[in-house]
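Chain lettering (A, B, C and D) follows the sequence in which the chains are written, and residue indices restart at 1 in each chain.
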Amino acid sequence: MVNQKGEVQCINDEILEKLSLKNRYKFLNYNLMSFLEKEHLDFLKKAQKFFIGFENRNNITHNEDFYEWIPEIGKEGLITRINNFDILDMNFEPHGFTAEFMRTLATDFFDPQLTMGMGANILAINPLLVHHEDVDIRIKALKELVTGQKNGCICITEPERGSDAVHMLTTCDQQEDGSYMLNGEKIYQTNGPKADWAIIYAVTEKNSGNTMGQFLVDTSWDGWKVERINIPWTPRIHLGKETFTNLKVPPEYVLGKPGQGREYLFEGLNLERLGIVILNVAEAWNAITHAVIYANMRKQFDQMILKFQGVGFPLADLWAETMNLTLSTLNVCQRVDKKVEQFGSVPKQFNLTLMATAAQLKSISAKLAQKAAYECANLMGGAGVCDNTLMQDLLGITRIQEIGGGTRQIQQYIMSLTLRQLFKLL
Amino acid sequence: MVNQKGEVQCINDEILEKLSLKNRYKFLNYNLMSFLEKEHLDFLKKAQKFFIGFENRNNITHNEDFYEWIPEIGKEGLITRINNFDILDMNFEPHGFTAEFMRTLATDFFDPQLTMGMGANILAINPLLVHHEDVDIRIKALKELVTGQKNGCICITEPERGSDAVHMLTTCDQQEDGSYMLNGEKIYQTNGPKADWAIIYAVTEKNSGNTMGQFLVDTSWDGWKVERINIPWTPRIHLGKETFTNLKVPPEYVLGKPGQGREYLFEGLNLERLGIVILNVAEAWNAITHAVIYANMRKQFDQMILKFQGVGFPLADLWAETMNLTLSTLNVCQRVDKKVEQFGSVPKQFNLTLMATAAQLKSISAKLAQKAAYECANLMGGAGVCDNTLMQDLLGITRIQEIGGGTRQIQQYIMSLTLRQLFKLL
Amino acid sequence: MVNQKGEVQCINDEILEKLSLKNRYKFLNYNLMSFLEKEHLDFLKKAQKFFIGFENRNNITHNEDFYEWIPEIGKEGLITRINNFDILDMNFEPHGFTAEFMRTLATDFFDPQLTMGMGANILAINPLLVHHEDVDIRIKALKELVTGQKNGCICITEPERGSDAVHMLTTCDQQEDGSYMLNGEKIYQTNGPKADWAIIYAVTEKNSGNTMGQFLVDTSWDGWKVERINIPWTPRIHLGKETFTNLKVPPEYVLGKPGQGREYLFEGLNLERLGIVILNVAEAWNAITHAVIYANMRKQFDQMILKFQGVGFPLADLWAETMNLTLSTLNVCQRVDKKVEQFGSVPKQFNLTLMATAAQLKSISAKLAQKAAYECANLMGGAGVCDNTLMQDLLGITRIQEIGGGTRQIQQYIMSLTLRQLFKLL
Amino acid sequence: MVNQKGEVQCINDEILEKLSLKNRYKFLNYNLMSFLEKEHLDFLKKAQKFFIGFENRNNITHNEDFYEWIPEIGKEGLITRINNFDILDMNFEPHGFTAEFMRTLATDFFDPQLTMGMGANILAINPLLVHHEDVDIRIKALKELVTGQKNGCICITEPERGSDAVHMLTTCDQQEDGSYMLNGEKIYQTNGPKADWAIIYAVTEKNSGNTMGQFLVDTSWDGWKVERINIPWTPRIHLGKETFTNLKVPPEYVLGKPGQGREYLFEGLNLERLGIVILNVAEAWNAITHAVIYANMRKQFDQMILKFQGVGFPLADLWAETMNLTLSTLNVCQRVDKKVEQFGSVPKQFNLTLMATAAQLKSISAKLAQKAAYECANLMGGAGVCDNTLMQDLLGITRIQEIGGGTRQIQQYIMSLTLRQLFKLL
C-alpha cells in the first residue's frame, strides 16, 4: 500500500485505495458543485490538485512533522486567502471568506492537523494585516507568515484566566526608551513551541482589560521561554506554555499601546470564529466522506453496510446536518465578501450582526464536527478507530474543538446578551 | 385585553401586549435584515403590514374559522408567491422561492394553522400550474385557488398505503366516453372537507404505480364523500378521509393519463418539500420569538428569567439552530431563484441535487420546529402551554410536522440512496 | 369496533383490536415480570383485571368525563397505595412505593388523563395523612379522598410566582376567633374546578416564605372562586385559576400555622416527585407498547415496518431507555419501601439523598416521556396522531410533563446545589 | 506535585491535589452509600484502600506499563469477583455481579486503561470457568489468569468479519492425533500482544458458524504470530492482530469441539456485556467526579464556575443520567446475584430476559460514557484535554466504547428481534 499511514494494516487494500485523497475530493465536489460559483469551484479544484501532487511527490503518510511542509504550501498561496495581500504585492485571486472556505476544505482533506496548525499562523497574520502601519519589521513578519517561511502564534489564554481573557495577569511595563517589558505566563498556544513570531497581549495593571496592549515578539529574543504541552488528541501539533521573564519589546514592535489592546483583541474575533466554523465544517465533511466510502464497500452479513438502514440512515442524518451547516456558512461567507467588495471592509453594523452569527455557527459547528467524527468512526467499526486513515486525526481534533475560540458557554453568553439587546429594540 | 385568545387570562397584560404581532415581526426583522436583499425585506414588511391591519380590522383572536379569511388574503396576493402567475395575468413581484419564504414567515407569525391550511391549497395549485395546458376549466380552477376564492387539496395517502404512495389501491377506470371512474379511499388530506377542488391520484391496476393517473375533481360531484377526521393538534384545520364511489371525471379534467401520474407525483415533490421546510422554519422563529420576549419580561426570584443562564443559554442554542437553518434555506431559495431566472425553470441536473437537499432540510427542519416549540414552551412554564398565545398552535402543529411530506424514514431513505449513487460516481 | 375512541376510523380493525387494553397489559408484564417480586406482580395483574372489567362493563371509549369513575376506582382501593391507610381502617396490601408504581402502571394504560387527574387527588391526600392530628374533619376529608368519593387539589402556584413558590403573594390573616382569612390568586391547579377539598398555602407577609401556613379548604365555602383554564393538551382534565376573596378558614382546618407551611410544602416534595417519575415511566411504556404492537402489524412496501431497521432500531432505543429508567425507579421504590419497613418512615438522612435522586429521575423521566410519545407517534405515522387510540392522550400529556412538579431548571438548580454540598464534604 | 501525570503542569497544585484518588473515591461513595448493602460498600472501600496504598507505594503517575501491576492486584483478589472461585480454593467474598461492579468502580478510578486491559483477562477467564472439566492444564490457566500471574485474550473478530462473528474465516482442522490445526487471522484483540493464554474460535468450514470450535492456546507455541496495532485512544493497552499458521492445539486444550463453539460463544455474552456496562458506568463516574471537583474550585470572572448555571446545569444533567444508569445497573446486578444464590446459576428463562437487558444497558452506557467524558472535558476547558489528569485516559477510552462487545447496531438488532418475539406472545 502506497502512503500507508499506520504500521499494521487493519483495512483491506481495496478500501484503503478508494479512500484516497483524490476520491475524497471527488465526493466533496459532487456535493458542493451546485452551490458554488465557478470561480470558487475552480479554485477549490486547483488547491486540491496541488495537494494531490504534493502528497504523491513526497510520499506523505501523515505521520510526518507537517511544519516542514508549510513553506511549500505558502509558495502556492494556500496559507490564507482572507485577503489578496496587495500590501505584500501578492494579489491572491480569488480571495475573501468564500475562497478561504475552499482553501480550508482542500487543506483539511489533505491533513487536518496541518490545517489546524496553519490556522494558528493565520491568527498571527490578522493583527499584522490590520496594524502594520507600514512599519518595515511588521511587513517583514507579515510576509514571512503569509508565505509560510515562518510560523506564528497568538498569546491570549493564561493558566488562571482561561475563558476570561479580559482579566489578564501578564504585565507590560513601559521602559524609558519606549520599549515594553513583558512578564507572565500563557498557556494552550497552538504553534507556541514552533512560532518564530508571536502576538502577545499584556496589561499594565493586572486584571484590568482597559490597560491591555498588543505586541509583536520575535521568539528568539531573551525572556521568551516555551515548553511543549502534551495534548494527546493532536499529537503532531505543538501547543505551548510560555513564560515571559523581562521580555523586552522595542517600540516598533508595539502594535497596540496599552489601552488599545482590548479593542484589537475583539476586533478580529468575528472573522477568527468564522475561520473556526469553516475548519469544523471541513472536518465534518472529511469524516463523512470516509464513512460514506467505507460503508459503500464494507460488507457484513454479505451486504454492503450502507444498505442496512441501521447504518445508512444515521449516516444520512449526519450528511444532512453537515450540508445544512455548509449552506449556511456559504451564505455568510458570500455575504461578507459582498460587503467587503462593496465597502472595502466589513461595515460596523454588519460586524455587530456577525458577532451573534459567528457565535451561533461556532457553537453549532463544533458540536457537529465532534458528532460527525465520533459517529462516523462508530459506523466504521474497528476501521474507524485504528490508525490507518485520517479518521484517527479527525477523532482526536474534534474532541477539543469546543474549547478553542471560546468555550460553548462563552458563545452562549454572547448570544444571550444579544437576545437582551434585540429585545430592547422592540 | 384586545384580541384575547384564551377565555381565562393566564399571562399578565404587559407581557401579552409585548407579544403582539407587531413586536414579533420586529424581532424577526432585526434577525433577518442583514441577510436579505432589499426587494425581499420590503416585501416581507409589506406582507406584515397587511396582516397587522387584517388582525386589527377584524378583531381576530385566532380561534376563528380561518378558511373565511382566505379570499381576502388571496386578493392581497399572499396565498403563494411561487410564481408570478402571468398565465392568470397576475404578475406577482417579487415571486420565487425567496419571496415565498418571506410570505410564509409573515403569514405564520399571524396564524400558523391558517398558514398550514393555505399550504394545502398551494399543493393543489402546483400541478395545475404545470399541467393546465390552457384548458379553460383548469385555468379557472387555478385562478380560483390562487386568488383564494376556493380551497383545494391533493389526495395521495391511503389508509393502507401511508408512506408507500406508489402501491396505490384507488382505481381509475376509463369509460367509453373518455372519462374516468374513480373508486377507493384516501386519508389525512389537509383541507379535504373544505376543498372545492381536489387533485386525485389513482391507478388502473392496484399496486401498480406505473399505471397512475392524475385527476382534477370538483368536489360537488356525485361520488365524492368526505368525513372530517379529528387531529387534535390542529383543531382549526380540517383534515379528511375521502371515499370515491364511481366518481366520474370528464376528459378535460384529466391532468395526467394513466402512466403519467407517477412522474407528475414526483416532479413537484422537491419544491413541495422546500415549501414544508420554509413552513417549519417559520414556526421555529415564531416559537423562539414568543420565548425571547417572555424571558426578557417574566421575573422569577426577582430577576428576568433570560438572565438565568439555565434559561438564557438553552434559548440561545435554539436561536442558533434556527438561524443556521434559516441561512441555509435562504441560500437554497436564492439559488433556485437564480436558476429559474437564468433557465426559465429548474434545470434537470439541479433538480436531482435538490432532491437530496430538500430531503436533508425537510428532516432537519421538522425536528427543529418541534424542538423549538417544545423547549420554548418549557422555558415559558405555564404560559407556554396555556391557550393565551399562539404557542398553543405552534405546540400542536409541530407535533405532526415530521409526518407530512414523507416521514423521517422516507427522507432518510432518499438520502441514503443518494449516498449510494454519489459513491458510484467515484 | 367496540369501544371506538375516535369518530372516524383511521386504523384498521385488526390493529385496533390488537391494541386492546388486555394486550397492552400483557406486553408490559412480559417486560417487567423478571424484575418484580411475586407480591407486586400479582397486585399489578389484579389491578389490570379490574380496569379491563371496568372498561368492558362501562363501554368506555376514553372520551368520557373520567371524574365520574373515581368513586368506583376508590372502592377498589386503586386511588393510591402510598400507605396502608390503617388510620382509615383500610389496610391496603401491598402498599408502599413499589405498589404505587404498579397501581400507576395499571391505571395509566387504562386512561392516562384519569391517572394524572387522580394524581392531583394524591397531592391533597399526602398533607392530610401527615397532619390530620386525629381531627375529625381532616380524617373525614382524608377518607373521602382516599375512597374517591371526593376530589382534591393543592394550591401553590400563582400567576406571578410560578417556579418561585417561596415568594408567595396570597395572604392569610388571623382573625380574633382563631380562623384565617385568605386572599389572593392561584393558577394551574389540576382538578381545581372539580375539587371538593383544597390544600392552600398562603403567607401572612407577602414574599416571605417563612410566614407560610397550610390550610384545608372546603370549596363550597364563600370566597372560593374558580375558573377552568384551557390547557388543550389534557382536554378532559380540569385545571383551575382560583381567586380567594376573604375566604375564611376555621381553626380546625389549619393544618400548619404561619411559620410551618414552608417546611410542610417541602417535606412531601421528594415523594411527590417520585410519584411524577412513576407517572412519566408509565406514559413512556404506554406509548412504546402502542408503537411495538403497531409496528409488528402495519405493513408498508409489503413488509411489517418493525423489520425496517429505520423503524425497528429507533423503537428499540426508546425501549432501552424506558427499561433503564424503569429498573432505576424500581430500585429506588424498593429501597424506600425497605427503609419505611425498617424505620416506620423515611429516615432524615435518606430523605436528603432522595432530594437529589428525585430531582434526577424527575428531569430524566419527563424528557423521556415526551420523547417516547413523540417518537412513537412518528413511527406510527398518521395512526400516531389521529384520535383513534390513547396515543392522542399520551402525546398531549407528555407535552406538559416538564412543567409540573418544578420545571427542568428547578430540578437542575436542586442538583447543582447538591453537587456543591457534596464537594464540601471532601 | 507528587505523582505528576503530565510533564508540563497545566492545572494548579491546589486543584490537582483535590483531584487525588482518595478524594474522588470519597465523592463516589457519598453518591452510592444510600443504595448499597453494607457488605458491598465495605468491599468497595477495602478495594479503594488497596489502590490508594498501591498508588502511593509505587509512586504511580499512570504513564507506566500497567501490565506489570496485574500480579499484585491479582494477589489482592481484585482481578475479578464474578465467582468465588472455589474451584481454585479461593473463596472470594463478596462475589457476584454487585461485587464485580464495586471492584470495577475502585479499579477504574485508579486507572481506566488498566481496568479495560484487565477486562480482557476476564473474558478469557469466563470460558475456562465454565468449560475446564477439571482438566489440569485448563485449571492451571484459569488459576494463572485469576491470580494475575498471566494475561489472557479472546480471539473472535476478524479483519473481514467484524460484527458478523458467525461467518468466520479462521479454520480448525482435526488431525489424526486428535489435535486441531488452526489457520487464519484475527484483529482488535485487547491484550493480544501481551497474552500468555488465548481463547480462539475457529470453524471447520469457512462461513459456517455451526462448525465452530473453542480452543485454549498457549501463545508461546509455534504458529501464533501477533502484531501490536495502534489504537491511539488507549496508548497503554496492547491490541493485536494475530495470524495463526498451522497453530497446533492438543486435545486437552480443546474447550469446545466443532459444533459446540457457537453456543459457547453466545453463552457468556450476556454477562460479558453486563461487564462492559459496569465499565462504562465507572468511566462516567470517573469523568463526572473530575469535573465536579474542578468546577467547585476553578474560578473565572471571580466566581467558581459551578455556580454559573451554564456550567452547573449541564454537569447536573450528566450526573443525573449517570445516577439513573447506576441505579438501574445495580438493580440488575442484585437480581442476577439473587438468582445465582437461589438456583446456583442464572436460570435459562432469566438469561433470555438478560439478553435484551444487557443489549439495552450496553448501548445506553456506551453512549453515556462517551458523552460524560466529552462534556466533562469541555466543562473543564483546557484542563480537560491536557495530560495532567485521568481525563486524558477517559476521553480516549470512551471514544471506542461503542465498538467493543458489539456495535450499537448489533445491540439494536438484538433488541428489535426481541420486540418481535414479545409481540408473538400477545
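Note that in this section a contact is a pair of C-beta atoms (placed from the backbone, for glycine too) under 8 Å apart; a residue touches a chain by one contact, two chains touch by 3 or more.
Keep in mind the model is a prediction, meaning the values are calculated, not measured.
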{"item": "Shared interface numbering between chain C and chain A [over half = same, under half = different]", "value": "same"}
{"item": "Far-end chain from chain D, centres as C-alpha averages", "value": "B"}
{"item": "Chain A-chain B separation of Cα centroids, rounded to whole Å", "value": "40"}
{"item": "Gap in Å, rounded to a whole number, between the CA centres of chain C and chain A", "value": "51"}
{"item": "Centre-to-centre distance between chain C and chain B (centres being mean Cα positions), rounded to whole Å", "value": "37"}
{"item": "Residues within chain A bordering two or more other chains", "value": "308-310, 313, 409, 412-413"}
{"item": "Touching residues on chain A, where the partner in the complex is chain D", "value": "6-8, 10, 12, 157, 159-164, 167, 187-188, 227-233, 235, 241, 300-302, 308, 310-311, 370, 374, 377-378, 381-382, 384-387, 392, 395-396, 399-400, 402-403, 407-409, 412-413"}
{"item": "Residues on chain B engaged by chain A in the complex (per definition of touch)", "value": "18, 23, 26-27, 30-31, 34-35, 292-293, 295-296, 306-307, 309, 312-313, 315-317, 319-321, 323-332, 335, 349-350, 353, 356-357, 359-361, 363-364, 409, 411-413, 415-416, 419-420, 422-423, 425-426"}
{"item": "Footprint of chain C on chain A - complex, ascending", "value": "308-310, 313"}
